[in-house]
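Here come two complexes built around chain A, the first alongside chain B, the second alongside chain C.
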Partner chain A sequence: MKKRGIGYASTFYGTGYGNGFPDISRAIAELGTDGNIYIYVGATEVGQGAKTILSQIAAEALGVDFSSIVFICEDTSITPDAGTAAASRQTYNTGNAIKLASEKLRNEIINILEKRYGISTENIEDYLLQVAKLNGDEALRMDGIFTASTTEMDAETGQGNPYYPYTFSVYGIEVEVDTTTGIVEVTKAVCGQDVGRAINPKLIEGQIDGGFSMGLGYGIMEDINLQSGRIKHDRFTSYLIPTALDMPDIDKIIIEEPEATGPYGAKGIGEPVLVAVAPAILNAIYNAVGVRMKEIPVTPERLLKALKVKERGV
Partner chain B sequence: MEINEVFKPSKVEEAIKLLDHYQETSKIIAGGTDLIISLREGKESASVIIDISSIKELKEITKREDWIEIGAGVTFTKVVNATMLQEKYKGLIDAAASVGSPQIRNAATVGGNICNASPAADFIPPLLALEAVLVIAGSNGIREIKLNDFITDKGKVALSKNELLVKVKFKELKRNQGLGFNKLGLRKALAISRICTSVYLEISEDSKCRDMRIANGSLGRHGLREKVVENYFKGKPLTSETIEIGSQLLEEEVNNRLQGRSSAEFKREAVKGVFTVALNKAIENSRL
Partner chain C sequence: MKLETVGKNIIRVDGLAKVTGKATYPQDLYMDNMLYGKTLRSTKPHANIKVDTKKAEKIPGVIKILTYRDVPYNHHGVLFKDHEVFCAKKVRSIGDPIAFVVATCEKTATKALEEIEVEYEELEAVFDPIKAMDEKAPKVHDKSNIIYKYQLRRGDIEEGFKQCDVIVEEEYKTSMVDHAFLQPEAGIAYLENDTVVVCVSTQYPHFDQLEIAEALKIPLDKVKVINPAVGGAFGGREDITMQIHLALATRLIGRPVKAIYTRQESFVAHSKRHPMIMRYKTGANRAGRLIAMEATIVGDTGAYASWAINILRKSGVHATGPYEIPNVKVDSYAVYTNNPFAGAMRGFGATQVPIAHEQQMDILAERLNIDPIRFRLENCFKKGSTTATGQILEESIPLERTIKEVEKQMKKSVVGGV
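Up next is the complex of A and B:
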């Protein structure tokens, strides 16, 4: 018999390395001799869309079109260190560093226009090439450094500022459990995600889809099958991750509550979109069949066993 | 062993000549979805590869008298899309559609699935339920063998080194006959079956089960028939009571066969659900 259930789970997640670990992002904004803006930053694009949103932040801070930004990353010989693409920190930390560098460059361009040309303007875009030619072969460069707020916990008092800022997330998930086989199918999901400010809503939706698929695998599929210290599921034929067909439609609700310290109010959402998925699925399973699963992944084998135990009233 | 030569014959006779000449040192490749992996992993080796994917006569699905014949080189994508198999052969199409992913179904062939004889082969149970017969070509001519006799053990088939599987055939389904298929995989695509079951059913005028053939995959060393359960159903009406009793018989059979295996507890229980769905599909398809 197939039984349906709904489950919820919510989470709050601290951005950055945390607990006092130095968390610094550096960036350089440069007016190239060709009149384009070059952003140099060590941030790594791993498919999350860092190149896109960090370029958007630079364009916004400089007041120029997105197309005049040339984004250079992942080359340690010419880019300053912006830390790892981890801890959901690039949008917030590196976004801030780029914003600072870009603002400094914009102010410098405005200064030059006033001093050298007697033009007082907010519209620097039309004068970029003119300013760029002033210094001959030397490009105009500004750097930006952002240090995240974090302190180590005081071991005596338990007080401190482990992370800043926090991101909030909630999932509602509907499952269908086949009580004869233990198969769990996730049929519907809704995600309410606090983002501070959505720099790029499409990319946030992509992150939600990606995070959800990881949470789905974590919750009901991904099993390393450790036996006597050996990983038995040591390849993707046995270590199963969800396919596109296993994904339900996800209703995405992006909640914008700008974070005062974030670049244009933005916060990182890479990991937050994943955290609440598995608990929400397990709650939905409980709601569907009344079995409280306490071990993941909830494979058909484990669930069917638990259903049998419940049936026998043990 | 290094691969020294690859041949691409365009006729069955050419392939047979090559097989006859190279014998054990050669391997046949069709879709390559199994062979390439096992060559790479060093599980199999060959110095000569005979690629049969250009032999046109192996790639046809035909109706001959009251038999349906599927060429060994027919891909699962072709089975899924075959006009001749729509509706009535839903069970066969479901099985073909459950193989791997679109990319794998585009390459993998019916003949490969049979000759590889994996315990988890998705296409073997429905063919067993249809009492399929294989047509095999060799240097001494053509022979026929029942699929059930062809698969001798896990990964082992009764095929000589100089023989080639040409086609698989089965009797056309009539109005009161139906085939159902159901598979338990751990995800919706690219899933190796944990259990797959196919049920052939013939219903009599008085709505009783005149004949039933049940074949399972992943519940033994190779795809196999469940004769005890089949015999129980023969002559009985298909009610929720008889289906329940039949399912329990199947549970006992599976339990006895898998004794001592860690998967036994799960599989003996889950097989009942998988079988019931396959049977209901067979009932439904017998009305078409």
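Up next is the complex of A and C:
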């Protein structure tokens, strides 16, 4: 028999390294001799969209078109350290560093225009090449440094302000449980994601899709089958991850309530988009068939066993 | 504030190259005079070892076989330097690197792996983190297996539970999982004058640069890390895998050296998500207010610490979920075992605890006969709320609104919605 149920989960996630660990991003904004804006930063594009998001922040801060931005992040010998592409920190931390560097560069360009040419303007776009040629072969460079707010917690009581800011997620999920096979199908999801400010809404939607599939795998599929320290499922024929066919329709709700310390109010969402998925599925399974699955992944074998125990009334 | 570029759905700048196959990953790079590297890994979870490479070195096409003897500083690790670049005397988990064969082609390198003789003297191993916490358990490193404890204390936990009308006690378990990024590890290293260049998929090039320089005992500016297209990371590229092996090989041999892991090797080479055992006791009063919560969390970090300390700390801080609870007691532990090592993975300790706290919320709501959404709204963080660590949440706390909007949309979207 197929039974449907729904479940919710709400979660929070603290951005950054945490606990007072120095959490610093550095960036350089440069007006190249070709009139383009070069952003040098050691923030890795791991597929999350860092290059695009961080270029948007630079374009906004400089007041120039997105196409003028050249983003360089691939070489330690020419980029400053911007910390790891982790802890959901690149948009927030490195975004801030790039915003600072870009604002400084913009102010410098405005100054030069005024002092050297007597041009008083807020629109620097049309003068980039003109200013760039002033310095000959030397590019105009400005740096930006951002340090996140975090304090070390008390060793005895754990009291303190370990992370900042926090990002919230609320996911509602519908499942269909086949009580004969034990297979759980996720049939519908509504994902509410706090983002502070959406720098690029489509990329947030992409992150929600990716986070959802990872959470779906975590909740009901992925099992490395560890036996005496050996990973038995070490390939994708046995280590099952979701495919497009396992994904439900997802209604995405992007909640904007800008965070003053974030670049244009943005907060990190790379990890938050994952964390509410599996617990919402577990609550939906209970709602559907009345069993509490306290161990993940909820494989068909585990679920059938739990259903049998319930039937016997143990 | 009027925004011009922020808020726009600009198409990903790296998108076209990736979907058309034009993006360059380290796998795609070839250099003149290039050699291939293959890693010999431990097949036992806990053993003393003796390694003999003599026979393998004689195979035509084998240029060099690196072992611990070749490494100036044989340690690395993001927090503790508890990984060895190559195991010297002891292996602590299946998959630990023992040697790195450099040969003229992949086939020869693979053949040479089979000819390296490793004598294993097996040691008693421990795979259960609870057992590993016992003083008498086999020691994974020469110290206690408990490498970290985070404790959180707020209010009066005993008094808090006395005020509860309903208390739910349950144990939850999460599993060890893989990041399953699309692109298995790959890299190529070469010399540019006296600078070692390592071109590799990583998520923190500057930290790799530091760890390579430390292991090779060369100045930081003599190491350059190039980070071309990366096929996903999710935390699985935070720890060193092949970076030092490649750097050392090219420095000693003077020729470019390339390595690509197969999917199976990738599974054992990088970290996993910490499996956790989470014992929860949560209490509320009849009015639907959470009053007290106690949790004990044990995270299995396998044979190496990686980020275990930060991860179990993050679990502890996030153990309550996004709810105001006046009385909280949390103990979270990071424990060594002889399992594959666990480290950073998307969510970093905050992914495991919702498996527990969100089911606790639903169980309590049911016992109190309150709608689970109402129960969450009653207790959730709002502007001005105080977290269990005493942090006051001052701005951008739109949780209540998010819960309401999701409920509204669920009612619209789900046929016969509850």
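FYI, the second predicted complex is superposed on the first by the 312 of 314 C-alpha atoms of A that agree within 3 Å, B and C clash if a C-alpha of one lies under 4 Å from a C-alpha of the other, contacts with A are read in each partner's own complex, and residues count from 1 in each chain.
Just so it is clear, contacts are C-beta pairs under 8 Å (C-beta built on N, C-alpha and C of every residue); 3 or more make two chains touch, one makes a residue touch a chain.
Quick caveat: nothing in here was measured; it's all calculated off a predicted structure.
Of the two partner chains, chain B is the only one touched by A:E301; chain C is not. Once the two complexes are overlaid on the shared chain, A:L245 sits against chain B while remaining clear of chain C. Look at A:V170: by the touch rule set out above, it reaches chain C but stays clear of chain B.
In the superposed pair of complexes, A:R230 makes contact with chain C only, with no contact to chain B.
Look at A:I183: by the touch rule set out above, it reaches chain B but stays clear of chain C. Looking at the complex, you find that chain A touches chain C at residues 4, 6-14, 17-19, 21, 42, 44-47, 49, 51-52, 55-57, 59-60, 63, 66, 71, 73-77, 79, 81-87, 153, 156-163, 165-166, 168-172, 174, 188, 190-194, 196-203, 211, 214, 217-218, 222-224, 226, 228-231, 234-236, 239, 241, 249, 251, 253, 255, 257-260, 262, 264-267, 270-271, 274-276, 278-280, 282-283, 286-287, 292, 294-297.
Taken together, the chain B residues at the contact with chain A in this complex read 101, 184, 186-192, 194, 263, 265-266, 269-270, 272-274, 276. Residues 178-183, 221, 237, 240, 242-246, 299-301, 304-305, 308 of chain A are the ones touching chain B in the complex.
Residue ranges of chain C in contact with chain A, taken from their complex: 1, 3-14, 45-46, 93-95, 125, 127, 150-154, 170-178, 180, 195, 202-207, 209, 221, 223-235, 237-238, 263-264, 267-268, 272-273, 310, 313-314, 316-318, 321-322, 330, 337-340, 344, 346-348, 350-351, 354-355, 357-359, 362-363, 372-373, 376, 380-381, 388-391, 393, 395-399, 401-403, 405-407, 409-410, 413-414, 416-418.
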